[in-house]
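Take a look at the structure below.
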């Protein structure tokens, strides 16, 4: 047993070791893969360059700086047809994000409601919710978008129906909301003592908005402090002080005060010329996309919620009851914290799906990223290669951000196991 | 009974009590109603609200279907018959159902896609039911070629020669494998490609001129409607399965480069909307291919859809692989099985079985997403509904078409998902 | 060499629009019909002696140029406006204007609008993927008016939006407006406003860099135009092909000179092209003229001798 | 069967019987209690009195209604007829009574049912803080006291998933004890455990019994029954078939059902 | 502790010691073998020679590296220093050697690791067919032979999920035997089994030993060790602490660690 590692004969290198030697094999394979991959990309790029050369084109993103020349009906930042394609793309991107966020909110609300109701012991309600989930899950999104769009354009009255003595339609909610086949007009928030805007060069920021965000943020922070204080009191004395009315005050008063200071009032839509004017115009395309994506995805969310709640076993509830916890507290302290861990990851991947599905805006002419950068811009400039690649890249970045958020969440709430 | 009260006295029951009927509140319709519908003011309110919703839906839908008009040849005619009442104009379905189902596929050949679909179920059976003879798997392997020939037609020698490519590969592998295993693998990969690229065309041409057998050729631009959804969906999912499995294995590999490539690929595909991939198929693919190559749009779409589905399948299969206990890998290793054999014989059969629900969900999602091809000019059911509406006689018809298309998709997707749940239960019982 | 490829393949691949009544649309049997379609059939007849040897590839506004550039189609006969950038920057080759058009507006009669200058604040449906958005933006901007654009992908959908009243105005090329209006149940209640806000020379297009093929397509088109000018119709062509006193007719129909072989075709190419669907005038009348539901007048598309712009260079 | 040697519970401790006194106070009084699941009659005319300090073991074949009986006492299940009075409070539709009973009766389940998202300490302090309104500091002290009693104070800041089954079950017992219940219910507390772990849990329960806790235990650990219980109740088909002191019960079972059951339980 | 009676393995069979001869041929030769998991040194300078026909039992506290050692012999784990020569083949980077060794060394795991999607027969024929390239018919005959040896030929067409744990472990042994290994490794083959089943598996292993199979067995079944092993190796902290013939090992353990370990193992 006196042999030492040094005396073991070292083998000389033989080519067959490339394949049958642990040390070299994975290297061999990876080098082969690398070469294949490089070859493949070289081939792709060579083809592309040849094709571009044959067409007498170059590969450049200069077109983003050129004048767009087309109008966009829904813009969250200032835009007109004399601005650049790049800016048009940004307007489109913001529209994409807007409808994505709206649809995510709707899907969450609908999904949570339907998921919880599906578990209700009311047979009728549970049955209705099952029907909702199955119908929406098994019919393509695109069809839902088209159906809701068709409902909006076909079944709603045109603005002209609101006009004249013998108007066949009238506005809802004390003449503040008009539902027409061109979209829904709702009151818009206006400030008579506006604080103005900050010019950031390429875009403007409303100081009013900043102020509101700041105040809401502060209120939420203050409320957090209040709750923390309540917990501290509870820890010290065992009795948790009532906080709900204080919470409401803290959350509501400051913002109301700010709105009063800013001279907040609503601008109501009214019929003027061809259309309603004033108010905020929610276009059909937005509504169709928003509702279709929201309700369609809501069906999936409902299933996630349901299985999340079911995953928290009956035993947990019973254990909590046996300890004397009331149903409300049981929900808050035992069921929800556990169910959320199960529900939130699939929920976030549904958000991802919604974001990707907003590209179906194409079906209803909603001016999102796809139809500005990936549509009219490509059309006008003929830069489909650059435009498409850029658009994919933007979607990819959004997706990675969302799934990154999901991973962070998962890592945070992972249950500790042995 | 009173004797049980005494603390230490023993108690024995001599006669067992019979089962007594439950009190009225605990059984029958009363209990059911009380428990399910009216067990509190909240529940009662929900019940009433649901009843209202159901009534409202029925009140709107029933007359619409009740007054349905079948025998009209245009919307105007239909409206005339309805005479102001609300009602469905199902005449459009009677007039155009064949288009919605088959597109412009020649009517005298409708039996071909139908037969292909029927055969599909036959081909699936050996894969799903392990108690059928293994030999039947050959039929499943042949199915793609049969289906291709049924759908597109043309010379029968084209699919035959294409299938022969695999035979050539297998032959090469057989012949070389006694000498060098690596050489055999390479040969098995290279010879079919050589066959397809160099020999296949000539051989097929020669055979065709000698024996011109085959069905009438149907061009892919005649494909449409539900048929195109099925063709894209089914070929997409079946082609993406092997690719997805490879990606999943790659993603689990301990070779850094291989793993990163797979991860990047999967995350890229999953991060962009399908629509952009379809646009790539229709707009950009020609840039990436050698000058002058151009092939069928449906084929390009199938390629893109395959790549798309493969990324999702890869994730599903990865879940299945992760769910297998480590012991299975070790047992396979300890028996001396090499990587590919242990994957093929031990790991994948189990991992794929675990993944069936996920695969089916991916398929249903993919199938619904085939409607997006309307954006690149293919006539899927939604595309056809636009085309039908462009016809002067059916200008302005919406709901009937949407409902018909929706019902088609619903029946198909719901059916599949239920069937897969049934299969799952069956399979999970099978081996216990 | 496209010509050789087409002959080898036995089929002309022709890019058309996905469906525009009168110009290109599949009928109930899936056979393509229309004005643009007829142009492709004439080319196929000239080159391959079979007007039906055409594979029609429906293209959208977005896909058409790539389809052409990549060789997916050999010729694009799809209401495509000839513009400077398309010609120079996108490297297309516009071989002949088969329809002189301009962008116009259509509104409901009961709106009481008589001129496009009264459209301030209107909601305008536009079919995207063409030059329409740009013209529209320029026009409203130049006149200091506001509008609400509603972009729609297909003509059918746009038409539906307009009919449902979701927009006040529908704008596209005047020919398209007429075609659309013709399909309405009540065409008389819709007016096409007098303003034409742009020049839209719709041209047949081929790839740049293949002059021989461009020549074949170009001169096939000119043959149709010249035939109308010379009075050659599908009815009398058989008779005229026997030889006439008019040397230009003889040269065109191949009884005299070698024009066909200069193109790389046989002498009877023009006879076949004209027999396929008739001369330009016949094609126009059969697909979009007064006698059809589309009901377009010849207008600018009349022969130069009739006060129009159609002008075929001499066959000599 | 009667001559089968009784299994000995695996403990080294000598039981201090003097502390395990049974008093005259009634802890639980059940009379003519009936329960149905739908049309199925699970519990039939149950009459039973538990005195304070008693340790009752309930056994019987699977499906005989043992769990259901014990869960009725904690109002986890409703009964449809008869009366259950726990610690002077009748269980009826009055939710306040239910709350009162639940906070005075501790329950330990077969599958522990610890809250996996809370640490051991948090598991133990949750109910005292939110139900008893004990200040946190104090609740934690109580919890540590009972964790020491079940011999795992050092695990206080781990999560349930990090403990072994036996440790988890002991935490579950400690968690119940933190509410300072007057009665403890156990539903097969050891049947999900490995043999080594069974011992540690039974030890904990024995020490609880020594402290004079009133206990109702559903279990098949006959060694435990013999050593600790002062009464064994045998149930079958939803009814109490036999009850007796453990020695008598095991050595001279009277009803045929009991004999059959014991032969099965002890036979293998 | 030394006076504790050794537990007797629960078997009725008398061992036929004459057949269990140890030869001079070296089956496994391990020298100065070291292994690390990351920075953790699991196996330290292991030196060990196994002669053909030997039956070695390896024991030691949990985490001492027993499984790791045995898995190194089968190349399921790589070692980082030193030498392992199995049946004349050195385990090194050469994958061909690894394949060779694996097909000559059988391994039985704690959790059986049968392939649940294959029948018992298919489990047994899989490796012979695919690794040894035995014709199916012949492979099936061999499989049935060994299934008879482990006494479950009648289960051949069932699936593993349909068998009890003991039966599954016997199938796992038969599966290994079908490859006609020259050495068998066992990693706690009985520790996942109920007591009744342990016996049937141990019986199988004993009959294997009688046939002269070279065996390395990680187990805590001391009765088995005493009856079958001709050498017992005690490991702790990744090193071989003591080895001896079984009688000597149990009756006169020399190192303190061994004594402590034996007192724990045999004590409860």
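Per-chain numbering from 1; labels A, B, C, D and E assigned in written order.
The rule is simple: contacts are C-beta pairs under 8 Å (C-beta built on N, C-alpha and C of every residue); 3 or more make two chains touch, one makes a residue touch a chain.
Treat the numbers as computed from the prediction; the structure is a model and nothing was measured.
A.B. asks: Which chain has its C-alpha centre farthest away from the C-alpha centre of chain B?
C.D. replies: D
A.B. asks: Average the C-alpha coordinates of each chain, average all protein C-alpha coordinates together, and give the chain whose average is closest to the overall one.
C.D. replies: B
A.B. asks: Look at all chain centres (mean of CA atoms) and spot the one farthest from the centre of chain A.
C.D. replies: E
A.B. asks: As a quick test, compute the distance in whole Å between the mean CA positions of chain C and chain E.
C.D. replies: So the centroids are 85 Å from each other.
A.B. asks: Report, in whole Å, the distance between the mean C-alpha point of chain B and the mean C-alpha point of chain D.
C.D. replies: Inter-chain centre distance comes to 52 Å.
A.B. asks: Between chain A and chain C, what's the gap in Å when you average each chain's C-alpha atoms?
C.D. replies: So the centre of chain A lies 44 Å away from the centre of chain C.
A.B. asks: Tell me, which residues of chain C touch at least two other chains?
C.D. replies: 62, 66, 69-70, 153, 160
A.B. asks: Of all residues in chain E, which are in touch with two or more distinct other chains?
C.D. replies: In chain E, no residue touches at least two other chains, as defined above.
A.B. asks: Where in chain B do residues touch two or more other chains at once?
C.D. replies: Correct list: 279, 283-284, 286-287, 291, 375.
A.B. asks: Show which residues of chain B lie in contact with chain D when the two form their complex.
C.D. replies: 1-2, 4-5, 7-8, 10-13, 16-17, 19-23, 25-27, 31
A.B. asks: For the complex, give me every residue of chain B touching chain A.
C.D. replies: It comes out as residues 35-37, 39, 43, 46-47, 50-51, 53-54, 182, 254-258, 261, 267-268, 270-276, 279-280, 283-284, 286-291, 364, 368-369, 371-372, 374-375, 382, 398-399, 402, 405-406, 409-410, 413-414, 417.
A.B. asks: Show which residues of chain C lie in contact with chain B when the two form their complex.
C.D. replies: Going through chain C, the ones touching chain B are 18-19, 21, 25-26, 28-30, 55-60, 62-63, 66, 69-72, 153-157, 159-160, 163, 183-185, 293.
A.B. asks: Going by the contact rule set out above, which residues of chain C touch chain A in the complex?
C.D. replies: Those residues of chain C that touch chain A are 61-62, 65-66, 69-70, 85-86, 89-91, 111, 120-123, 128-130, 133-134, 136-138, 140-141, 147-153, 160-161, 164-168, 208-209.
A.B. asks: Spell out the part of chain A that touches chain D in their complex, as residue ranges.
C.D. replies: Residues 234-240, 313, 315-316, 318-326, 329, 333-334, 337-338, 341, 415-418 of chain A touch chain D in their complex.
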